[in-house]
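What follows are several structures.
Look at the two complexes coming up: subunit A is in both, with subunit B in one and subunit C in the other.
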Partner chain A sequence: MSLRRNLRVVRAVAAADIRLTLREPLFAIIGVLIPINFLLLFLLFALSGGQAPVAVVMNDRGPLAEQFVQAMNNSQSFLIHTASPADAEREIRSGSIVAVITVPQDFDAALAAKRRIDLPVEVNNLNVDFTNDIRRAVPLSITSFYADAFPEQVVVTAQESDVQAHDTGYVPYLAVSIVVAGLMLASLLQGSVNTARDYELGTIKELALAPVNRFAVGVGKMLGAAALATASALLLLAVVILPIGVHPLHPLEVLGFGLLIIAAFLALGVLIGTLVRRRQQAIPLSIAAVLPLFFLSGPFGPANWLGDVPGAIAVVSPLTYAIAAFQHAFHGYQTAPQDLTADSIVLAAFTLVTVALTAFVFGRRGARH
Partner chain B sequence: MTETAIELIGVTKRFGSLTAIDDLSLRVERGEIFGLLGPNGSGKTTTVNMISGLSRPTSGAITVLGINMLTDPRRIRRSLGTVPQENALYEELTAEANLRFHADLFDIPRQDLDKRITSLLELAQLQERRKSRVSTFSGGMKRRLALVRALLHEPELLYFDEPTLGVDVQSRHALWDRILQLKEHGTTVLITSNYLEEANALCDRLAIIDRGRLVALDSPSNLRRSFGDTVLEMRTRPVPGEEIVRKVRALPGVVSVIASDGSLKVTVEGGADVTGKVVTEVVRWTSLEEIQSREPSLDEVFLSLTGRELRE
Partner chain C sequence: MGSLRPVLAIAAKDILTWVRTPSAIAVSLLPPIAFLLIIFVAAGAVGRNPVALVVQDSGPQAQRLVSILEDSDAFRVQRATPEEATHLLDTLQVAGIITIPASFDDNYRMHRPDPVSVRINNLNLDFTNDLRRSVPAAITGFYADQPDTPVMVGVAESDLRPHDVDLAQFELVPILVLLLTLMGIVNGGLAAAREFEDLTIKALLLAPIGRGTLITGKILACWVTTMLVAGVVLAVSFVSGILRPAGWYWLPALAVIGLIALAAAGLGTALGGALRRFSAVSGAGINVAIYLFFLSGGISVAAFLPEWIQTIAHFTPTFYGVDALEAAIFYQSTDNLGRDVAVLVLTAAGGLILGIVSLRRRLNAF
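And then the complex of A and B:
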């Protein structure tokens, strides 16, 4: 079949899908909003889990006591506020803070006299994650305070040299990973829902009985779904860039890899739609596919930090390469052993193989009447 | 050009341990309207799926318009128009958008397309609704539009699944007329139907399949004749008992006897002589209140061949 004829099929299938999607606003809204919801949910999770709320009772207001509290602030592990002993006790009993750290009355005097100081730390050990944060961060704050206040007495200090040109905060790093997961979810939803709709409405027979190349139909369905997936992607990027303030270092990479990521997961969505044939099944399946793959693809750090088994899964997950490419596009560093060319090849190959597989499944199972 | 539109030779289709089609052979000639009849689950859908290339036979050969379906299904689809039972129309698109989409899939040249769409919509009396969404159409209008779409690429072979299922009487006759016109223009039409009246009105020949096997293949009139030439329906008083049924059934020329609801239905073969003997026998034992004589219907033929009603 000629290229012209295939392009006509691709254009027709894509245009029909876009028109149909726009005439079913409920599914369109679901397709756009679920990925945004996903992004906000994870960011809230990251923000709420990042720093432990702690009350400090200042029984001594001397300069060394103030410097110690500053050292705790600098550790980026606490969300500190000062409180009276009564208020602090009420807050920890009511569960609104994780710990109360009391600076004793003779803090400055004891330090000057080189006397031992016992620092009372009351912890609500309800959640071991937060509890361990406190257990780690208080000794670190003491060490840090000592290094600053008494540099001549501290004989061992870390001499840090950085691999990357700049630090990246937990939230900016995670936000980029979540954007990639959002792109995956948006693409999976649009691809699977558009395809399943054809089976549900019986219109798949019009495609199955036409003398067309199945590959062209698959590409047309991907392009049709891409319209709304792209709208969803733009919204995701707007949320990350504007309110969160994570700006891409390489905008062209964002564009190029963004399109590649959308294509890869649209193809997977079309395959899912061809297999399940029902929108009610396609939507939860798309969501269910994203969550485990997201956690196994290095969203919090390079995928090869995950360990043997999760690391092996990460190697075969296309999301790993998508996240690595987007981290480079936003933050400018390489989080994976492979370079950007390898990321591009993996994503493009995944797309082509998935479209071919969809054409094969469609050809085998078809739309029997 | 071959004179055969469709040929199935020894076709068998198995789904696991289930044999859906069992050694089916039949031939549809070019230019005829051919009906495929059978109760639900008889295998007619499986047969049509194989003819249109949506499914492959487990064994056997299928040739459509002289082309081997197994080796070149795409070439066959170019010459095959299909009107599926559920229409397969994009209901949220307009009638015209549906037709243009079909034209793109079948690569119909754009220069004549508008004229062709207008002409077919006029024939189907849908021109005024050209820009309307299909979801606003009645069942009959959707059927007509699905037929227009199937004819847009001028197929040599048209498959029409349940042509008038769910349409009103007026639309039904309009569709029948259109199908008969297609035959006049040389198009081969394959229909599957649950309406024997429809099969009788349209089809040159009928194949009746049951449990995946061909049980009869002939013209509607020959099929009726093979069942007997006259059906006598008699209302008697008292109600005919087992004894009368047994005696009538024993008469020469009697094909079948059914007693139900106070009446006796007797199918006979052999003309007035046999009919007279049946009536004489019945009035010997009971009082005849009403009698009607008519030709056998296809329903009766179907029932006698398959032991089942068509729409069970």
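And then the complex of A and C:
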């Protein structure tokens, strides 16, 4: 069979799949938008950051009291606003702040007299995580305040130096990880739904009986699904680059790794569709597969920093290597113990294995239909 | 009484169909299970960064600081030589290097500036700020332990609630609400969409029953399946001691669960009537439920979010459901209970009206 004929088969199958998808415009739109939803929702998580909103009741306006509040501001632990005792109490009871810190009336006088003084701290102890943040951050602010106000008394300080030339915000960092999850989700969804639809509508029989190369049919189906997955990917990248303002340092890496991720997960999607043969099962399986895999693959930072178990799980997840490669493409540094070459080899090998496995399963099950 | 039997028959049919459709069960259960897994993995690891500790002074003060750093719940400390520490940092085995210099004790004794150097792999602000806070926090502990501490300011803590709640336990309530909304919206939607997609709606419309009976049966089936699954989750949580409302607080907890399930069943039926396609309903339903989950404080607390998101969250009914369940289960409190229940009653009524109107219009047009 000539190459030209095979290419025609590929084009015809891909075009038919795109047309079929567009006949269900609502699902086509939802399918393209679901990864964007992921991006927006997980960014909500990033926006919450680690800074606790607190009210400070200033019963003393002396210079040392002001300097203490400044130390709290500099501790990167609080979002501070001053309030009257009544307002602060109302806010903490309504759940809009996590703590009320009261600077007592004789704060300056007590410090000048080297007399011990306690700061009343009322904590909305919703859960241990937030409560412990406050329990750590208030003493930390006190020591930082002493180091600034009484440097001859508190001499031990932390002197920081950084590995990277500049800090990367949590939102720009997490947005890049979420792009990878979005690419995975878009590819899995399109691949699995397109394939399952062929079994539901019975068109798989026609394809199996057609006197054409089955490999060309498989490639055509992957390209058809890839069209919508790519539309979703482009939309995701546009959101990350334009409104969020994260520009890739290595655009070619984004292109190369992006195509590898789309190809690998499209193949996995086709595999899911071939195995379950029903869109009813393919859709939830695709969505549910992304969530745990994403969280276990180091989206917030190197997974091994979270402990031995998360680190070991991340090693066997292909998404770990995809996230590390994308972080390098956007930010220019490594975010996993392995280097970029290892990321590339693992991703390429994963793509080859999934495509081969899918071709094998599709060939056997498709023929048996 | 005459219309009760057909309502129950339609409800029983839908419940049986749900039990026999693994994909419908998967749509409802997989996302909450995924979030549950994530919360348990994340809760065990939050906030403890691996660091290499280089100790160049064997004096008593240096050793005391080492002991505080090693006992701190902010770090996982690995002792290393300077060369080893650099290698660990370069290969991302650790997030930072803390070096206690050879002159530490001398400087401390002489009241000279005595810096502890911290080299941080500042690849994102989340980890970086953790380290920026944790080392000064260890220094705070160092001074607090000194008999002649110069720090004269202490903390007198008082807590708003009777006891602290573990993070993983705390996150279970939003996940329970996610389960309820997913079960209601997706299953209610699928039960309605399935009738249109498989054309069984024709048989139902030809049956000698009113349309109201048909709609009531479908919403009832969805509510019952949601409550059954919630019942299993609550029973398992109660036996394991994870979620255990005390005394009469079971009542508001169950009422809130019932109201959320009812609102979600109504919304799901509305969605199914409007979209009439299984794939569209499951895609849209999962999205809606996950949005509601995040906006009700799913993996954060609303107070930590920017103000504009907090404003949106206050218009999200599940926000009040989570608040009421947390108050009943964890804090044995009736604060805001009236407000929360009122919002949920209104939402349930709105959901039911939407479901009835949407399905009735679609049936009339069929």
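Assume the second predicted complex is superposed on the first by the 349 of 369 C-alpha atoms of A that agree within 3 Å, B and C clash if a C-alpha of one lies under 4 Å from a C-alpha of the other, contacts with A are read in each partner's own complex, and residues count from 1 in each chain.
As a working rule, contacts are C-beta pairs under 8 Å (C-beta built on N, C-alpha and C of every residue); 3 or more make two chains touch, one makes a residue touch a chain.
Only a predicted model underlies this, so the values are computations on that prediction, with no experimental measurement involved.
> After the superposition on A, what does A:144 contact: first (subunit B), second (subunit C), both or neither?
A:144 contacts subunit C only, not subunit B.
> Just to be sure I read the superposition right, which of the two partners does A:5 touch: subunit B = first, subunit C = second, or both, or neither?
first
> First (subunit B), second (subunit C), both or neither: which does A:181 touch?
Neither subunit B nor subunit C is touched by A:181.
> I'd like to know which partner A:24 touches here: subunit B for first, subunit C for second, both or neither.
The answer is both, since A:24 touches subunit B and subunit C.
> In the superposed arrangement, does subunit B or subunit C reach more residues of subunit A?
It is C that touches the greater number of subunit A residues.
> Look at A:212 in the shared chain and tell me whether it touches subunit B only, subunit C only, both, or neither; answer first, second, both or neither.
A:212 sits against subunit B, while subunit C stays out of touch.
> Once chain A of both complexes is superposed, is A:325 in touch with subunit B (first), subunit C (second), both, or neither?
neither
> Taking the superposition as given, does A:16 touch the first partner, subunit B, the second, subunit C, both, or neither?
Touch partner of A:16: subunit B, not subunit C.
> After lining up the shared chain so the two structures overlap, which partner does A:56 touch, if you call subunit B first and subunit C second: first, second, both or neither?
So A:56 meets neither subunit B nor subunit C here.
> Have a look at where A:203 lands relative to subunit B and subunit C in the superposition and call it first, second, both or neither.
first
> If I apply the document's touch criterion, which positions on subunit A are contacted by subunit B in one structure and by subunit C in the other?
The answer is residues 24 of subunit A.
> Under the touch definition given earlier, write down the residues of subunit B that touch subunit A in their complex.
Touch list, subunit B to subunit A: 45, 48-49, 52, 54-55, 74-75, 77-78, 80, 82, 84-93, 97, 100-102, 104-107, 161.
> For subunit A, which residues count as touching subunit C in their complex?
Interface residues on the subunit A side: 24, 26-27, 30-31, 33-34, 37, 41, 44-45, 47-53, 68, 75-77, 92-93, 95-98, 110-111, 114-131, 135-140, 142-146, 150-164, 166-170, 173-174, 193, 276, 278-281, 283-285, 287-288, 291-292, 295-296, 300-302, 304-307, 309-310, 313, 327, 331, 333-337.
> Could you please specify the touching residues of subunit A with respect to subunit B in the complex?
For this pair, the touching residues of subunit A are 5, 8-9, 11-12, 16, 19-20, 23-24, 201-212, 366-369.
> In their complex, what parts of subunit C are in touch with subunit A?
Against subunit A, subunit C makes touches at 21-24, 26-27, 30-31, 33-35, 37-38, 41-50, 65, 74, 76, 89, 91-95, 107-108, 111-130, 132-137, 139-144, 150-161, 163-167, 169-170, 190, 275, 277-280, 282-284, 286-287, 290-291, 294-295, 299-306, 309-310, 323, 326, 335.
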